[in-house]
Amino acid sequence: MTPSDHSGGGTGSLRLWDRLSVTTKQIVWAWLFLAVPILFFGVVRFYPTLQAFWLSLTDWDLLNEANFIGLDNYRKMLADPLFWQVFRNTFAYLLIGTPISIAISFVIAYYLDRVRFLHGAIRALYFLPFLTTAAAMAWVWRLFYQPPPIGIINGFIGMLGFEAQPFLRSTEQALPAIMVTAIWAGLGFQIIIFLAGLRAIPTTYYEAARVDGLGEFTILHRITLPLLKPTTVFLVVFSSIGFLRIFDQVYNMTSNDPGGPLNSTKPLVLMIYQTAFSSYQMGYAAAQTVVLFTILLVITMIQLWILRSR
Amino acid sequence: MTRIALTGRARLRLAAALACATALGPTLASADVEIEYWQYVFDARVKAMDTLIDAFEAENPGITVKQVTFPYADYQTRVVAAHAAGKGPDVVQLFYGWIDNFVDGGILQPLPGDAFPASAIEAEFFPIVGAMKRNEQYYALPTAVRTMALFYNKKLFAEAGVAEPPKTLDELVEVAKKTARHDNGGNLVQAGIALDIARQDHHWWRTILTAQYGGAPYSDDGTTVTYDSEAGLKALDYYLALQTQHKVGKEGFMDEGQAAFRAGLAAMVVDGTFRLASYGTIGSFEWGVAELPAAADGTRANYASYFANGIGASASGEELEAAKKFLAYISSPAAMELWQKEVGELPARKDVAMTEANLADPVFGPFIRALDYSQTTRFVDEAAQRQIAIDMVNRALLQGQSPADSVAEAAKAEQALLDRHFAK
Amino acid sequence: MSRSATAPVPRSIRPGAIIAWTCLFVGGVIMITPLLFMFSTSLKSAGEVFDLRLVPANPTLQNYVRVLSDGRFLGWFLNSTLIAVITTVSCLFFDSLVAYTLAKFRFPGRKLVFLAILSTLMIPTEMLVIPWYLMSSSLGWTDTYWGIMFPGLMTAFGVFLMRQFFETVPDDFLEAARIDGLNEFTIWWRIAMPLVTPALSALAIFTFLGNWTAFFWPLIVTTDRDLYTLPVGLSSFAVEQSIQWEMIMTGAALSTIPTLLIFLFFQRYIVRGVMLAGVKG
């Protein structure tokens, strides 16, 4: 079936294949290689994307036929106080989580890069959490955050003589508590990437700076950070997307009151999940996914713009 | 990908062909008919149903029943999704609170009057089964009903010198105070009563405590929220005081109320018949069951709920006949006795439940006695209404909102939910 | 020119360096504390869970026996392994085939195909799950392995990553092979692929890890407990167990041990792979 063998050239089709120019053969091969993947991306990515946009304009609820209802779902969303609460939560994860995790991982990578003694072992300690399953670790952290007598952090706090903290049972502390677990899980990856970025900076720059008698801080400020910008931008994008899509931790850490007390931890993706798969308002949920898509698009565009002005 | 897609489509085509065959009816009908029974996964229930199916098939040669089960969390979605995809069970189990969703969604058909006359149902079953009636027609019948009671840890009672379980709400506070323990930092380390609004406590507050303080959670026709009243507020005050004033329990203690009781760190917990099997595996202490405490004036109340079985909308012809026979069988006295023995739930027929042996049973007795004064709240969206109660308690506990404002806000939110439902 | 091995470290050890090392070490230990407590709690008996000491007084493997005895965890483990392995193999094959074609062939529409595939990176999975669910339920894919893994059989990320590496493969190599009469598939498979093995291992690590830990889509598409993947199974197990922490921690440990073991054996490759993917991707 495939034009794989053109040595003999007995039949008409093979002679035809032989007569094709090298360029034409390349074209045939290329599309042959791409046929299945293009079908895949079309059916599994593009068509569903269009369908999601379409569903967001309908009142489809699994039970009844989908009816076109224009922008009603979007109007409903804008008027829904829960949506705005979820929107604020999502941006809290993003705007607090991203800078903190980037700052911590940079500081660790910066110093770890200079460490020779047990370098690999220390790096492994930081990297291990990245290999864990978020759903499983959510339960470990849930145990950590329990009130006395079983919570490990509260046990430690109590030993030091401080008052027990409610953590997940508090409207103020629950979101930061979950954010810590997400930062913890992603830190190892960011450190490794920063280390790679630091090592890619040619030593000549540092040697030149030393010859000029620049201090540590000036070198960091004038050379390391600017040259590390592509790495940083990549990590900011990567971690922003991660925080915007946070779900596994929240779903598992607050399973008896999903989204925390008074929805204080509920992110957009959990709202989408509940709208679609608990109350099966598929059309409304699709509209929420379109909002998520838009936020991701805008943030990525901003990052690309920053990269461009490099 | 293509291959499997084709298989999927082929299956649909096969289903269509089968549907045609069924529609053609008697000409193609064979002597054997298979019907599907759906319920959620719960070990004891699945095993009891297997036993019932075996007995039914032995009595009715030519009918086979296939039991299909789904996890509880996804059960409703699964039934709805299957219905949307044109598939569906012949006999299906549903929580009584879902009846409106199932009837409105066209998942159920009314029970045929010839096999299930309304007069007989009303004479033989407990009145709470009336919640299955829509437009003068019954849509489902339960095998078993569940009520609530006070579970208590005998070991912790003995340690605190408590001789017997509390009989009134005030006594409950006293007993809880005696059994609760705190560490030096003032943290609760052993609860007098495990509190968990997300599980059973919202029923305790809504249907039971509100009634005991002289009110009702909803109007008789179920369309109006009425717990925004003195009674509802007193009920909430009583409930909140257990953690704020008396500090005998705490929301989130041991993560979950039943977990605290299981672990032997709570002297009491309000829970239902359905927990009997789970608590039955506790090995580290003995526990007992008592009727829920009465109000100061002796008023008792309880909340009864049940899973009922209905006939799927798609069943017709021979399958409908088989479904009728099967539903009648699993609603029979014999089936109820087996269900009580295997699952621990109470018979839904009055004469099967109210036997002397049952009333005197130390475990079943308190639950069965409660059937006399039980209420069943009609939920239109059980999950959403429960969430409103959870949020109400959290606003008062975590945000310092006054209980009165919190009840009012909850009532407003729930009324909006009911209005949306009844406007459809 | 990069200073991989010879960083500008002063020859004499300064007190500052010792402090920095100590801080880093303590931070690293804090990072793995959750894992330590997970293992420690999994070795405690039900009554001992309240004893918050890290080292259990009477360590026991009883929880592991109980969790593993009913075979469900083993089933979930096999499901996860099967799904992660198949999707990884599929991604390695298709992603590199597409990437190679886009990097090394000249044909009309090349740029368009690349941009189209790249643009799918912008579409969050969450937006696709509702249509996927619709597709799966109408085609009978719910509660099948195929249903769980079909969305992940090819990834735009993999295409993008591999393309960067195939572009560094010299054209002369491929031309020489053509002159030798090898067909294009063989050239890709025998000549080009071996030249990008570091990138392949990076892609393999990411794809395997991503599918091994995937939670959202498997949670939606499976309701049959026998088809759960480990993360979904663990989540439902934890709730069913009415929060018995020693059992939950045992389950969590069991789902973490495989990846930790893989890491211990292949630490060097994994770290290098992540660096490669991060820098190029």
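Labels for the chains are A, B and C, by order of writing; each one numbers its residues from 1.
The working rule: contacts are C-beta pairs under 8 Å (C-beta built on N, C-alpha and C of every residue); 3 or more make two chains touch, one makes a residue touch a chain.
Predicted model only: the values in this text are computed from it and were never measured.
Here A-B and A-C were compared by C-beta pairs in contact; the pair with more is A-C. Of all chains, the one whose Cα centroid sits at the greatest distance from that of chain C is B.
Taking each chain's centre as the average of its CA atoms, chain A and chain B sit 40 Å apart.
Separating the centre of chain A from that of chain C, both taken as means of CA atoms, is a distance of 14 Å. The residues of chain C that reach two or more other chains are 150, 153, 239, listed in rising order. Shared interface positions of chain B, i.e. residues touching 2 or more other chains, are given as 1, 74, 81, 84, 254-256. Across the assembly, chain A contributes residues 40, 149-150, 277 that each touch 2 or more other chains. Looking at the complex, you find that chain A touches chain C at residues 2, 4-7, 23, 26-27, 29-31, 33-34, 36-38, 40-41, 44-49, 51-52, 55, 108, 111-118, 120, 122-129, 131-137, 139-141, 143-144, 149-150, 152, 155-156, 184, 187-189, 192-193, 195-197, 199-204, 206-207, 210, 231, 234, 241, 245, 247-248, 251-252, 255, 269, 272-273, 276-277, 282, 285-286, 289-290, 292-293, 296-297, 300.
Interface residues of chain B, counted against chain A in their complex, comprise 1, 74, 77, 80-81, 83-84, 105-106, 183, 185, 187-189, 196, 198-199, 250-256, 265, 381, 383-384, 387, 390-391, 394-395, 398-399. Interface residues of chain C, counted against chain B in their complex, comprise 46-47, 137-142, 146, 150, 153, 223-225, 236, 239, 242-244. Put simply, chain B touches chain C in their complex at residues 1, 4-5, 7-9, 11-12, 41, 70-71, 73-74, 78, 81, 84-85, 254-256, 258-259, 262-263, 278, 284. Listed in rising order, the residues of chain A touching chain B in the complex are 39-40, 43, 62-63, 142, 146-150, 154, 158, 163-164, 166, 168-171, 256-257, 261-262, 277-280.
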